[in-house]
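What follows is a set of structures to go through.
Here come two complexes built around subunit A, the first alongside subunit B, the second alongside subunit C.
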Partner chain A sequence: MLIWTRRGRAALRTAFAALFALVILAPLAVVVLAAFARSWNGVLPGAYTTGHLRESLTDDRLAALLVSLQTALAAGLLAVLVGTWGALAVASAPRLLARVADTLLHLPIAVSSVVVGLSMLVAFNKPPLLLGGTRWIVIAAHTVLVTAFAYSTVSAALKRLDPAYAQVAGSLGAAPPRVLFRIVLPLLMPAMSAAAALSIALSLGEVGATIMVYPPDWRTLPVGVFTLTDRGRVFPAAALTLTLLATALVTLTGLGRLGRRPGAR
Partner chain B sequence: MTSTLTPVPATAVEAPAIGWDGVSVRYGDAHALRDLTLDVARGETVALLGPSGSGKSTALKAVAGFVRPTSGRVLLGGRDVTGEPPHRRGVGVVVQSYALFPHMKVEDNVAFGLRARRLPRAEVAARVTEMLAMVGMTAHRGKLPRELSGGQQQRIAIARALAIRPPVLLLDEPLSALDARLRQDMLDELRRLRGELPDTAIVYVTHDQTEALVLADRIAIMRDARLVDVGPADELYHRPPSAFTAEFLGGANLIPAEAVAGGARVGDRTVPAAHSAVASGPALLCVRPHALTVEVPGPDGLPGRVTAVQWRGSGYRLEVALDCGATVSADLPALTGVPAAGEPAAVRVGAACVVAREEP
Partner chain C sequence: MTRRALWTLPPLLLVAGFFVYPLTLTALQSGGAWTRVATSPEFGRTVLRTLEIAVCATIGCLLLGTFFALVLTYAPFPGARAVARLIDTVLAFPSYLIALAFTVLYGSAGVVDGLGIATLDFIYTPAGLVFAEITFYTPFVMRPLLAAFGQVPPAQLEVAASLGARPWRVVRQVLLPEALPALAAGGGLTLLLTLNEFGLVLFIGAKDVTTLPMLVYTKGLVTFDQAGAAVAAVAQVALSLTVYSLYRRVAR
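And then the complex of A and B:
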């Protein structure tokens, strides 16, 4: 511990709590209040309503919520698959190739999501791989964006994994596929669950690339929030954000429970 | 015990169970193992003994297939397995960290190799029961590895390696993670197990000379990625072929001397030696700390001055700076009266041998 005095520790904790409240909690609290605000002219809303929230659960908005969920689950699953595959491949590749592959797999973190959206739009807007105007281009864009985070999470766990597990399993007569599916992947499961949760959370909130590529029949909830805010309808947008927040919390909690299950043989 | 799982060719019956034939392993410019040639016979235990970075673990990994030799051949029962992956070698391995699969119960850990070989379920169950009984862990079969102590984990790692009935068992510093008391118990346990595996060739990697002396039929001393000396444990101890072996195996004092017939000359005194690797000329008088006695100065013994006295419970360790320039350590029983630090003394040499000086 860096600070030994009780008073010093208390001061540090207070400063941290204040900073956390200001940067994280206050904006969230404002969104929650705004979701229930009928009018807001002072420090707090002048009058409250549940109308915006009811509006956010109409068929149209629920459809957007479902689209967001489906996109996030598909992109999250694909990201974990590709990210894990990438991490395993990089771990066993020659040093130079591993370094190049590692950089490429991290690239989407370095470039703006708008750049990813634009590149997908240009790349997949003509046959033979015509994805433009379909839901698949949205899922593909989200997958590209979140795979880097999934790869990063699984790759870090793989580096910490004692290579002796796989070596001993091999010496006991297990062929590489058996070692992978019975030993390595079960041991990576907590990291893969974390990667899935992170990917889904990021995908649920993605708007930069989506807005470049989404077709009319595959509009995600964040796009709806953006559109409403753009039109000056801040309170309905806040209600929609609250729905998105609740959905993300429920999904991630469920995934967290799944990840904590003791590994089966 | 012969493997029912990895058939040994008839031509290989007389071949050594393990053979390193000029094996070298390099990582870039760094040599992890240089030109190792060594055989281990069926039923023999060979300890690879050396300090950290001496190449002993690399030698073991080359047999297990965990590292690929840069040059040379690895032979198992006369069969060249240099290019074969670990799962085709049929070798039992116990690593330093045990590497018990944390998501599997004890019984599933032991059964892993048997299931990988697709043995019938009844045979797997019977073999697991037999192995757990052998290491005295039957009561713990349903536990997860994290619920076991270090010693118990080690027993399971051994049971898992032996379950496949390998003709070769490789043990990589299996006791190094245990505390001193448990290490002694497990050493006794390993000796007992050794007796139950009369046909299994065992390679035991360690940096602890006691483990090597207790368990091994032969000891291979390694240093700087090379094999320095190899021979029966008692022979290496009593008649070390080199200064390094004398010092590493038993912590011998090495006193610069001139080899003469029947012993060595230190200063103006001649010390008799039971064995001499050098006929004449510059050499080192090799004498264990327990073979020295420290007395009041007199006509006998090598004159010097006590520089330090350490009480070690069962006895004393004295550091004595000899007049000839060398400093020696002497272990004396607790009941003996010992001189204090700073007092003059004469060091009388008991059993000694003469070894060659090392090239600078």
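And then the complex of A and C:
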């Protein structure tokens, strides 16, 4: 529909293919090619190597990958916990409080990550809570940034949930904790696993807050990529980025399996 | 206070302790440095540049994203679904991926430079940054638009066309009014995210293109002027919150 002539459609598709290839596909393809490039002076790399990728899995780069993974899992777990708790609490709170709490829980989405990093540096390098120079300041910053997204995901799903299920369970005599654990949480499971996936993906790629607060012994992988890029070593940087994306993919696929338990939908 | 209200307390305390309290301290710390930092010509230039880049990138994303979403919905081709799925995946990628690709392609020792074509160091200009941001943020506009177009009944378009409306007129008078909320929501989110963008700017590392988040970083970490960084941070937060409150209003 909309475009009825065959020639019109063909022209439109050609324009789409050209623009889409240039804007979306080319950058992705370039990173993949660069990860395997030994030298690149023509249209395509002159010679290929798997050396950069193998190097990505050695010594301090492997350590950075593990640091990123641990940070993302910790931040993701905390984010789903706090986000789900927040969504459930806001849904049953009095109206005015619910609006204030909803705004506050969403707010970190609006603030630049580098500002969150700076504020952590300002607040937690002195008592009452000394986190500066430890891994906990990195994990705290990541958690603050991704919890807002987890909350947003779960509370949107909760709004779409038919309240009849919980009401019926309640009218049949199920106590509130039983309704929560047997009815509401299982129904929210897909949203919670989506929230976990989003949180982990965002945390794995986070660089703005991390670069402000990271201590030498807790360097995440994106910081390592930046160090390499900054020194002009773009091929190893591309290889490192590729390992990050692969790690994200594997983690999220595994998580997707967990989220699709029978009866969860 | 009722017991139900008490349940909101734990998450709210966490947000207060780890988000509101640090930001408040930062704002307090900026106190003495305002006259020194905010009156410098560098600061004014940076604020304008941040706005300019964000607005240009958002307009570019809206145009390109609308075109992409229109073709995907109304002139679909084999593989259009895979493209839509790719768009969903790209949303979760870190933005510096694009910066990395641009550095490989157009950087000072990049591929295009090696081909002997004078690139005039395109990526180190504001226009280059705008292009990079359009590349990364176009999917953020496409996703709500694809959802909105999917809900317009095809019969409406067919009736308009059978009454003699040309495709362009159908798009303008039937489709775009229907998709206006999605367009506003996608555009608002993109404006907010481009204002806050840091990874791309950091990784490209153009010396002459400074945005507010970049100023927070250089003042805070490179020159160790934490009060100055706090001023830039407060200005950044004010800008973001203004756009965010507008976005919340249109996204409802």
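The working rule: the second predicted complex is superposed on the first by the 238 of 265 C-alpha atoms of A that agree within 3 Å, B and C clash if a C-alpha of one lies under 4 Å from a C-alpha of the other, contacts with A are read in each partner's own complex, and residues count from 1 in each chain.
The working rule: a contact is a pair of C-beta atoms (placed from the backbone, for glycine too) under 8 Å apart; a residue touches a chain by one contact, two chains touch by 3 or more.
This one's a predicted model, so the numbers in the text were calculated from it and none came from an experiment.
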Touched partner set for A:A169, first subunit B, second subunit C, both or neither: first
Partner chain in contact with A:P186 - subunit B first, subunit C second, else both or neither: first
Which of subunit B and subunit C A:R178 touches, first, second, both or neither: first
First, second, both or neither for A:S113, with subunit B first and subunit C second: second
Partner chain(s) touched by A:Y48 [first = subunit B, second = subunit C, both, neither]: neither
Subunit B versus subunit C as contact partner of A:V144, first or second or both or neither: second
Subunit A residues touched by each partner, larger count belonging to subunit B or subunit C: C
Contact footprint of subunit A on subunit B as seen in their complex: 5, 64-66, 85-87, 89-93, 95-97, 99, 101-105, 108, 112-113, 116-117, 160-161, 164
Touching residues on subunit A, where the partner in the complex is subunit B: 162, 164-165, 167-176, 178-179, 182-183, 186-187, 262-265
Subunit C - residues contacting subunit A, complex: 2, 4-5, 7-8, 10-12, 14-16, 18-23, 25-26, 29, 64, 67-68, 70-72, 74-75, 77, 83, 86-87, 90, 92-105, 107, 109-111, 114-115, 134-135, 138-139, 154, 157-158, 161, 167, 170-171, 192, 195-199, 202-203, 205, 212-213, 216-217, 220-221, 226, 229-230, 233, 236-237, 240-241, 243-244, 248
Touching residues (chain side subunit A, partner subunit C) in the complex: 1-4, 8-9, 12-13, 15-16, 19-20, 23-24, 26-28, 30-31, 34, 40-43, 82, 85-86, 88-90, 92-94, 97-98, 101, 104-116, 118-124, 140, 143-144, 147, 151, 197-198, 201-202, 204-208, 211-212, 222, 225-226, 229-230, 232, 234-235, 237-238, 241, 244-245, 248
